[in-house]
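Structures for review follow.
What follows is chain A paired twice: with chain B in the first complex and chain C in the second.
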Partner chain A sequence: MELSDSVLLHLRDVVDRPDLDGTRYTLEEEIGRGGLGVVYAALDTRLDRRVALKVMDAEWAGEARLIARLEHPGIVPVHDSGALPDGRVYYAMKLVAGTRADHYIAGDPPLAERLRVVHRVGEALAYAHSCGVLHRDLKPQNVMVGAFGEVYVMDWGVEGVAGTPAFRAPETQLDQRSDIYALGACLRFALPPGAPPALIAIAGKAMSREPAFRYPAVTEVLREIERFQDGVAVEAYAESPWQRIRRFAKRNEVLLWLLAAYAGVKFILFFARRL
Partner chain B sequence: MNNKIVLGLIFGAVLGAIDGATAWFTPDVRSMMVSIMVGSTFKGMLVGLLSGWFARKVNSMQWGIVVGSVLGLAFAYAVAAMPSDNGQHYYLEIMLPGFVVGAIIGFLTQKMGTPSPVKRSS
Partner chain C sequence: MWDDADTAIGGNRDRFPSTQVSLIEAAAGEPLALERVVALYWKPVYKFIRFKFRKDNEAAKDLTQSFFASALERDFFQRFDPSKAGFRTYLRLAVERFAANRHEAENRQKRGGGVEFANLDEQASGTESPEDIYFQEWRRQLFALAIEDLRAACLEAGKHTEWAVFEAYDLAEGDRPDYAELARRHGVAQTSVTNYLSWARRRLRAMVTARLRGVTSGEGEFRDEMRRLWS
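Showing the complex of A and B:
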């Protein structure tokens, strides 16, 4: 008897579905699938709340312990972890209601909002680095933007994760600068067509092929983004004199208008007296 | 030196002095330059003091500019209402620049300096 593809897929899904008997969770639906495991929406029957349940092979059990160490508003908190009868392991985390960052960016938000999301990602990354944890697979698909603007970095990597080509640093020995490369790639991804050259330069410096040419720390990338937002020159971009004047005028627009108003008033009064 | 009131006093003094110095372009009052500059500097300092105090209380650029310009206008009116040595009043010549200088001081006190610390109840 031959089985159609759809039947085979269904059978595979049924086999893959974790057996949660004996746990406090009841399975609802699959919500994501990654290199390390499958994420399901589940109901925590003890606390009567929905959670995200990541189920993966036992060899990746360290991931839960890794994330559980990280307590930051930009990192999805882990509630619980355990093992399934089939040997696989799971961990329960906050179920984030929101949009994946790549989909969010596709919705064409304003530049300031794009930068806010990247900045939040950078804050979470900087915190993780301060705890000695690398992400290893940072990309917009691993960032969620919540309904109230909250930003969560997910899928923190463990040793052996290959990363995603477009966001992966070229070096094989990953360190904090590899995450900085990925953050630069995320910034580049988040920028709209015709983005200011200073921002493109920040992303470019973060994505230098040679790690030594990148920013030494995530906080330096964040500071550069803040400098741009404050209308201050960024280190990664050498401005022409004309660009410098334009930036200065934009940054001090109100003051220049007020000074022009003062000069105008004086000018008019001076000539009005001579009439 | 980051105190908004101190900065307001400094900006007010400097801008008031510059504003007063422009009286040199009015030949009728050149003989009164010193008293004009002293008065204008003092007026600027008063506007700066009050704008700085307001900026410590309210963090709003729009309201800072509005309050600064109203203060500048009010003090300029008080100065213009006093007759000069030649008995003339220079309402327009004093109030119009005073209004704009007040706006600039209001803007600067909002933009620069640190606001007053947030008081927490125990």
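Showing the complex of A and C:
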């Protein structure tokens, strides 16, 4: 049999397109493809609202149940799940209007904003870990930044997900520290050229090849980022005395200015009295 | 109806049922599993050789045949390591090495006669690499085999009308007939045409999936290939 390009294109389209007859959804358009399936925009005809409908490549009803358990502002809520006539599983979730984090970072936001996005990702990840759920494929492409600054972590993984090479931990047996590696890789990705060495060190520690050398929990990564933001020394980076002085000066800038002003006034008064 | 003289050596695909056999079985020398791998890969390998090494039809056929014969003799499947690459890539790299060695040997024999380039009147455009062509032919062949599976299943189950509607609509070249026309032609209600097409497409998807499972080493590779197949 020789299939022409046009017939093949048609077949790929009609055979892969989910048959939503008998469901409450009508298909609109494809909006993305991930490691586990295809995401479509669809209309929920019962509630008259647009949703994101994720259709899985295989029969993994578990993923929807897994994600439905997670209730966090940084995790897209699942509304519903079901099975297509061909056996594929789908689930409906909130349709997020926003920008993928890798595109968002490409727009060159300030360092503080980059850190805010990574921190929000870490908060969602820490929460999932507390529920016993791993992401398994965390990367900027799986993070959405909404129009009002909200940050959503998408594409929560299931067993067997290989991950994406640049963000994947080297070990084959994945656990929470593998997600910490990916979070470190996300932080590294989010940093601009010439980023402070302390932040590079935090990312580097999270991305240690040996899991035991990484942070023991996502919350520890978050605390390190917060320490940097507060101008406190981070554990991952041994700074020189000069760097310590500079950091101290920057952190206590107002106080130092006040002290300097006070000393200046005292100095002037001292000489004024002697005149 | 779809005979392709160039690659008829690939075998009669009707012999292959849509049962799931795996690469593991191919590695163990299971004939059905091996035949399924060869049925899927014969044509992509042939096209890859034609375009990569600019061989004419007969030379490419000979080289393809030699490659598979050699692969079966030399524990090719047993040496496949899924942790290093997917099977499709592994096979392409093996073909490349095999054909390059033969190609060099032939050129040495010509002793200054230069390389003879064949006229390539294939459908590939000038911008496509041999690797792209290999993938496209692999995808084309996977669908072709699954369609043959679907046809066999339809005929076996007495679903002649379902097959006829699917063939007339989804396999049509150029303008497709509308559903009303198909309903008239086959003496069924228009809703039946919709149902027949939905059924056939579901079955075809299942058969593509089954074929793909038979030539991948595990869930991870299967998912990667599924993603590439439909994207």
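Just so we're on the same page, the second predicted complex is superposed on the first by the 259 of 275 C-alpha atoms of A that agree within 3 Å, B and C clash if a C-alpha of one lies under 4 Å from a C-alpha of the other, contacts with A are read in each partner's own complex, and residues count from 1 in each chain.
One rule holds in what follows: a contact is a pair of C-beta atoms (placed from the backbone, for glycine too) under 8 Å apart; a residue touches a chain by one contact, two chains touch by 3 or more.
Note that the coordinates shown come from a computational prediction; the quantities given were computed from them, not determined experimentally.
Of the two partner chains, chain C is the only one touched by A:33; chain B is not. Shared-chain residue A:269: touches chain B; no touch with chain C.
Using the contact criterion defined above for the overlaid structures, shared-chain residue A:108 touches neither chain B nor chain C, since it reaches no partner. After overlaying the two complexes on the shared chain, residue contacts for A:258 are found with chain B alone; chain C is out of touch.
Touch criterion not met for A:48: it reaches neither chain B nor chain C. In the superposed model, A:10 lies in contact with chain C only, and not with chain B.
Which of chain B and chain C touches more residues of chain A is settled by the count: it is C. Chain A makes touch with chain C in their complex at residues 1-8, 10-12, 14-16, 19, 21, 33, 35-36, 38, 57-58, 85-87, 160-162. The touching residues of chain A, when paired with chain B in their complex, are 254-255, 258-259, 261-262, 265-266, 269-270, 273.
The residues of chain B lying in touch with chain A in their complex are 22, 25-26, 61, 65, 92-93, 96-97, 100-101, 103-104, 107-108, 111. Interface residues of chain C, counted against chain A in their complex, comprise 1-2, 4, 13, 123, 139-140, 143-144, 147-148, 170-173, 197-198, 201-202, 204-206, 208, 219-220, 223-224, 226-227, 229-231.
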